[in-house]
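First the structure, then my questions, so here it is.
Note that the chains take the letters A, B, C and D in the order they are written out, and that residue 1 is the start of every chain.
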Amino acid sequence: MAMKMIGVIGAGSCNNETYELARKVGVGIAKMGATLVCGGLGGVMEGACRGAHEAGGQTVGILPGPDRADANPYVTIPIVTDLGHARNVLVVRSSDLLVAISGGYGTLSEISIALKLGKPVIGLGTLPNMEGVQYVTTPEEAIDAIYNTSAVPLA
Amino acid sequence: MAMKMIGVIGAGSCNNETYELARKVGVGIAKMGATLVCGGLGGVMEGACRGAHEAGGQTVGILPGPDRADANPYVTIPIVTDLGHARNVLVVRSSDLLVAISGGYGTLSEISIALKLGKPVIGLGTLPNMEGVQYVTTPEEAIDAIYNTSAVPLA
Amino acid sequence: MAMKMIGVIGAGSCNNETYELARKVGVGIAKMGATLVCGGLGGVMEGACRGAHEAGGQTVGILPGPDRADANPYVTIPIVTDLGHARNVLVVRSSDLLVAISGGYGTLSEISIALKLGKPVIGLGTLPNMEGVQYVTTPEEAIDAIYNTSAVPLA
Amino acid sequence: MAMKMIGVIGAGSCNNETYELARKVGVGIAKMGATLVCGGLGGVMEGACRGAHEAGGQTVGILPGPDRADANPYVTIPIVTDLGHARNVLVVRSSDLLVAISGGYGTLSEISIALKLGKPVIGLGTLPNMEGVQYVTTPEEAIDAIYNTSAVPLA
C-alpha cells in the first residue's frame, strides 16, 4: 500500500527564515508518516527535505535536470526527469496535497496546476490572494491544515 | 529561417464574445506573417486558430492527448504530445511572446512559466493584476503590443 | 484540415552519403505535399529538412533542448520542448508514418515507440532485422513505400 | 545520501514463469539494499515490485497515466506522470543500472535509451542479440551481474 504523499513547493533559493519554515513543515510531514514530494533542489525544497529526513521520513525529489547530483543532500528517492519545468506537473500529480512556501513564478505554475486538478493547496508566506489556496501563517498551522484537509486517512 | 512564433493561450471553452476576441487576435497574428502557436483545442485556442487560418496563416496546435483528432479544425500543424498539462510548457517555450485571453488555472500556469522564462505576456481580458503582464483591452491593442514588444523583427 | 505528417528519424551526425539519402527523402516528402516532422537537429534530420525545404515543403523540428537556436537552418516550424530524449515520443506521435535512415540507439528508441503505437516504419540503411520495419534500399523506394503504406490519402 | 536505484523493465503482462523470474530479481535487489525503480504497472513490473516489497525493500513506480490507482499493489513510492510512453525515459534516467526481463517494443525503447545514456543493461529472457546488453539466464546470474557491473558501491 502506497504511503500518503505530501508535496512541498517553493523557491529554489531562500533566506534562513523561510528555510526554517520549510524545515518545520518537513518535520511535521515525516511525523505524520507521509512521504514528502518536492522538486529536489535547494531553498524551500532542501529545507523541507532536511526536516523530513532528520525526522526519519522519506523524501522524493523530482529533478528537472539530467543529473542526480543536482538533488539536495536530504533527498532519499531522487527521480531524474530531464524535463525542465515540465517536471513541475509531476510534483503536483504525485502529491495528494501541496504546501506552498514562499516562491515565485515556478511555484505559481505548480499552484495553478494543483488547483486545476482539484488538489488542496496550503499557502504559507506564498503568493497572496489566490482563490482556492488555504492560507496559514505558521508551520504548525500548515501541519494542522494537512490533517484537516486530508481526504485520505493518514497511516 | 524559422518564422516568428506567437502563442495564444486561454480557456478550452468560452463564450462567443471571447471567441471573437481570440479570432481577431488570430487574424492579426497571421497578417503580421507570424505563426500562431497554441494548445490546439477549443475555445480561445480555436478562435485564434480560426482567425489565423482564415487570414492565410499557419497554426501550430500542441495537443495534450494522444490523438490528433482532438485538434480544432483550424490547426494546420498538429503536434501530438500525450503529455497532459506538461504540454503547456511546450506552448510557452515554442513561442516568442504570448497573448493570454480569458482563461483559468491552466492559462495561469502558462503565464507563470512564460514570466519565469522572461517571455513577454500580453493580457486581454485575462487574470488580472499579474506583475509582468502587459494588459490591453482590445484585440487591436494586443496586436499593437505584439509589434511594440517584439525583440525580433517580424518578416 | 491538417496536412499529412511524415517523420524522418536518424542520427544527429552522419556522413555525406547518408545526408544525401536523407535529403532525397525530404525532397520526396515535400513533393507529395506532406509536412516533414523530425527532431530538428543535424545529420539525417538536417539532410531531410534541407531537401524538403528546398523543394518548397514545410519542416517541423521537435527540439530536445531549451533553445530554438539548436534547430538546423531548414526547420520552418521549430517546437521547443526542453524534454531531452522524451521528445522522441513526440516525433513519433506527431507522425503518420516514419522513415528511419541510418541511426543508433536514439533512432532505435523511436522505431520501438512507433512499432508499439502501430505506426508504419520504413527503414533505409537503418538498424537491420527488426520485425515490423519495411526495409528499402533507395530514397526512391522509400518514397514509393510511403505512398503504398499510407492509410490516409495524401492531399 | 540517496540509495542505489536499480531499474527493472519488461512487459506489462506476462506468464507465471516470467513473473517468478521478475519476483526473484526483485528479492535480490531488495536484499542488496537498493531501491527498485520500474514503470509501476503489472506483469514484470509487478513481479519485481512484489519480490522487492516482500523482502522489505522500497519500490518506485513511475506511472504513465494520470492516476495513482494504476500502480500495482507492491509499489511503495508511486510517481504519477501522465506522460504516456515518455515516462520510459524517466525510468531509465532514474536508474543506475537496468535489468530487462522479457518485454516487447516498450522495453526495447527503454533499453535503447539506457544504452544511449551509457547505463549498464542486464538482459534476462529479453530481446536477443543487442550489442551492449549483458545477457544472463537466471535471476541469480542477474543479481550477480548487478553486483559486478555496479560502478557505485552498494550500501
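Methods note: a residue touches a chain if its C-beta (ideal position, glycine included) is under 8 Å from a C-beta of that chain, and two chains touch if they have at least 3 such contacts.
Model, not experiment: these values are computed from the prediction.
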What are the chains that chain A and chain B both touch? C, D
Over half shared or under half: which fits the residue numbers at the contact of copies chain B and chain C, same or different? same
Could you compare the number of C-beta pairs in contact for B-D with that for A-D and name the larger? A-D
If you average the CA atoms of chain C and of chain D, how many Å lie between those two points? 31
Taking the mean of the CA coordinates per chain, how far is chain A from chain D in Å? 27
Could you tell me the distance, in whole angstrom, between the mean C-alpha positions of chain B and chain D? 40
Residues of chain D that contact two or more other chains, please. 66, 82-86, 89-90
May I ask you to sort the chain touch graph into line, ring, star, complete or other? complete
Applying the document's contact rule, which stretches of chain A touch chain C when the two form their complex? 66, 82-86
Flag every residue of chain A that touches chain D in the complex, lowest number first. 1-3, 5, 35, 58, 60, 62, 66, 68, 71, 73, 75-83, 89-90, 93-94
Per the touch rule, the chain B residues reaching chain A in their complex are 83-86, 88-90, 104-106, 108-109, 112-113, 115-117
